[in-house]
Amino acid sequence: MDYFTELFFSGLTRGSIYALIALGYTMVYGIIGLINFAHGEIYMIGAFTALITSTILNIYGFPLPAVIILTVLASTIWAAAYGFTVEKLAYQPLRNAPRLSPLISAIGMSIFLQNYVLLAQTSDFLPFPALIPDFKFMEPYAGVIGTSDMLILVTTAVVMLLLTWLIKFTRTGKAMRATAQDQKMAMLVGINVDRVISITFIIGSALAAIGGLLIASHIGQINFYIGFIAGIKAFTAAVLGGIGSVPGAVLGSFILGLTESFATGYVSSDYEDVFAFSLLVLILIFRPSGLLGKASIEKV
Amino acid sequence: MISLTDIKKGLLVSLWFVFLTFPLMVIKINPIDKVILWRWSNMYWVAGGSFLCYLAMQIYKTRKLTRQEHIKQGLIKEKPKMQFKLLSDPKIYLPTLAVAGLFFLAFPLLFSTYQTNIMITALMYVVLGLGLNIVVGVAGLLDLGYVAFYAVGAYSYALLHLHFGLGFWEVLPIGGLLAASFGILLGFPVLRLRGDYLAIVTLGFGEIIRLILENWNEFSHGPSGISNIPRPGFFGIHLGLEQSITYLYYLMILMVIFTIFVVNRLQSSRIGRAWFALREDEIACQAMGIDKTKTKLTAFALGAFWAGMVGVIFAAKTTFVNPASFTFLESAIILCIVVLGGMGSIIGVIIAALILILLPEYLRAFSDYRMLVFGAVLVIMMVFRPQGIVANIRRTYTVQKND
Amino acid sequence: MEPLLNITGLTMNFGGIRALDNLDLRVREGQIVALIGPNGAGKTTFFNCLTGIYKPTSGDLLLTPPGKKTRRLNGLKPNKVTQQGLARTFQNIRLFPNMTVLENVMIGRHCRTRAKVLGALFRNAGTVQEEQEIVALSLMILENMGLADMVNEFAKNLPYGDQRRLEIGRALATDPLLLLLDEPAAGMNPQETSELEELITTIRDDGLSILLIEHDMKLVMNLSDYIFVLDYGKKIAEGTPEEIRNNPAVIKAYLGEDIEDA
């Protein structure tokens, strides 16, 4: 029972992280219909920026709350900046190109960013400082859920709520939904589509950075390659839930996180990644519209 | 040419990139010893580099615009492209071909074994590129798991030799056919998917195959791989290392010629036309009576076939296979060859493979940046020259007017 | 006698929208039949259902080639429908832009030829001959379309009107019994339209039947033997051009309620 609960919470934690990344995929896909391959790399860059910022602040002896706040700020800002720039450089010029072109460009961007970090920083795993101290009040539950798991869950929940609010109730959110539905019409009614797309990338990237930061401090080490696998898994989650759908991405992430956690816990950890990939392949083959996505017929 | 606003904007752009790259390029930390390294020189490089890139892009854009403007107004005629002239005038391309042919024939005599070995690798990538070109370049199916078929070929030689003692020549066609069968097996369910999903699923399959090879010890000997795979035999005569490399080189040359021949014939056939049409517009294609699934499947299987054969050759060349040789990056390199060369263009793919594989070998300074450059090449080609260095040429027909 | 094409009860739903509502329609052999209706009436959707690109919610699509048994087109894949003898053009031209004009037409021959991979590799006599026939026939079609001068141009470089004609030529290359044209005159100038009118008549005189979607009423009235009118997915009228011209329901659908009230 205890083992089960432990696996359950570790699955939830995983799921939350996937959700933070999956949202970026789903939002971008919803708006420009592109699988943003480089999204996993943005998450990795977010984690690296967090590591660098927090280490520097620690060396200069900043107090913990300041370190946390500034680290979060720096990693989201820089990740957002990267997301924005990637879109401007690699995707915007290809708005009207054949469908494969932006996809190939995205793959190129992903490889580029990976190796950029590899060259600019290092290929080794770097230890990531535990930013979050273990809270006193959590002690009785330590066997079931750690402080950082808890924090990841809470952060994710808050972020989701904020995002839902933004999409549902703000002007920007409305513009985003309009653009997702029909870009030409949105342009005709005076929505600045380029701006909306940029904002989508910025938000998605910032969310990924939060994910990167949380997972890095949870697991305790990062390297340049973490974005690739995490990216594919988050994409799996997004597809599972129905790509383009925000609640779908969250649902898919939790399902994937839990399945992975139980599968590695009860079956075998050797095939952890095989499991996620197989799930992805199976969904795409049997239910490409996902759990919450609507099957649409391409207009001819 | 360059206006003041351009320079101002260029400065802003370079400022932006300095900001963007600051944490990763300038700062380097050592979290264990708690020391910070400030690499200021990198900042100047980024600033200067992005400024110059911006200006170059601006110049490129204005020139392109004015050219188009002039063409529209009829001031200048659209020049027939230099490369088209090169490729269509026999007075030029025949001698070039002859020189290139002689060079490649004499290569092992002129250069060391080491160089020959590198050239063999490059030629292997030529064939891989031509194979993937059928799938991606011609039929427009973005296959990111191409390396899986390569692995199938390599492991089929390793395993068939290990368990049944089969030799290189027996396994060469078997490896190709096995890879093609895998292609069909994989293609059957996934080829119904839209292009971008297909890319992801093939990527997933590629990784699954690699992970299985890594973890299924009883079958594949796990990460340590299989060694002592024999080099190809020459009518039962035992060859020394040097001789066998030379032998392998000529084998590869034959293989390349064979591939070019087959790919060329396929492309200019009824099936090749259907592939091109499929890449252009799937719906129109179906409405013209082309069976989408069958046509895609043929492309997929034929592409996989070459990967399987080269896989066998790879195993024979290195005498050792392990899963580490078959990562996603390998697929990415082959994709890069196709994209740089020009989708569907045989000559382009050959040139691109030679450039991309040989350059990092000979420019050591370049080799660290290899993957970085490959990534950049994919983006830059898509944005500036989606047709590749040598655009695919459509066959022309002469019409006799009988009036 | 069975009509060439007999459609009964065709219905197509997109989620909540009913784009086609219990539609009955017939095309007799050798006829030019027009399908008209205001924007969004469901005309293109009708073509898409007929050619297997959309899967209709319900309804029966029956094709009876002259002198042959009736066959059902429901549930066939688009390529099979084409093989049965229906060929179409698209409202938003869908040529193969980076292939030459000739190749575009040659693609149309695909479903009537059979060379396989081995034939392509060995170029045996049969394959070579088949290929020559494809080229010859395609050239002839292009000649008839008035496109013989541009066989080696990329399709994307053709002027708009020529692209429309090329699309018709490509469809003809599949040897259809019934040609489906979706707004062939859209974007054409009067000169081109009258040439098109001539072209369509010639095609009919060569023995094909034609189902035509068109907004240009003059063209429709001049050409059609019979007209079906759609509005909001429902058939609101059918008849000869004369009957349709004077049908109050049609006038209402086209001009809107306001005019009648005024």
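Going by the order they are written in, the chains are A, B and C; count residues from 1 in each one.
What we mean here is this: contacts are C-beta pairs under 8 Å (C-beta built on N, C-alpha and C of every residue); 3 or more make two chains touch, one makes a residue touch a chain.
Computed from a predicted structure; not experimentally measured.
**Q** Chain contact topology under the given definition, line, ring, star, complete or other?
**A** Topology of the interface graph: complete, with all chain pairs in contact.
**Q** Which chain's mean C-alpha position is nearest the mean C-alpha position of the whole protein set?
**A** Smallest centre-to-centre distance to the global C-alpha mean: chain B.
**Q** When the contacting C-beta pairs are counted for A-B and for B-C, which pair yields the higher total?
**A** A-B
**Q** Would you mind pulling out the distance in Å between where the CA atoms of chain A average out and where those of chain C do?
**A** Comparing mean C-alpha positions, chain C is 47 Å from chain A.
**Q** Taking the mean of the C-alpha atoms as each chain's centre, how many Å separate chain A from chain B?
**A** 30
**Q** Averaging over Cα atoms per chain, report the distance between chain B and chain C in Å.
**A** Going by mean C-alpha positions, chain B sits 41 Å from chain C.
**Q** When you check chain C against every other chain, which residues touch at least two of them?
**A** Each of 53, 90 in chain C touches at least two other chains.
**Q** Would you give the residues of chain B that are in contact with at least 2 other chains, written as numbers and ranges?
**A** Where chain B meets two or more other chains at a single residue, that happens at 283.
**Q** Could you say which residues in chain A touch two or more other chains, in rising order?
**A** If we look for residues of chain A contacting two or more partner chains, we find 300.
**Q** For the complex, which residues does chain B have touching chain A?
**A** On the chain B side, the touching residues are 16, 19-21, 23-25, 27-29, 31-32, 34-36, 42, 140, 142, 144, 189-190, 193-197, 199-201, 203-205, 207-208, 211-212, 215, 283, 328-329, 332, 335-336, 339, 368-369, 371-372, 374-380, 382-383, 386.
**Q** Can you check the complex and tell me which residues of chain A touch chain B?
**A** Within the complex, chain A contacts chain B at residues 34-35, 45, 48-49, 51-53, 55-56, 58-59, 74, 78, 81-82, 85, 89-90, 93-94, 97-105, 107-122, 126-129, 228, 232, 235, 239, 270-271, 273-274, 277-278, 280-281, 284-285, 288, 298, 300.
**Q** Note which residues of chain C are touching chain A in the complex, please.
**A** 14-15, 44, 48, 53-54, 90
**Q** Show me the residue ranges of chain B that touch chain C in the complex, using the header's touch definition.
**A** Chain B reaches chain C through residues 262, 265-266, 269-274, 276-277, 280-281, 283-292, 298, 302, 394-397, 399, 401.
**Q** Which residues, counting only chain A, touch chain C once they are in their complex?
**A** 294, 297, 300
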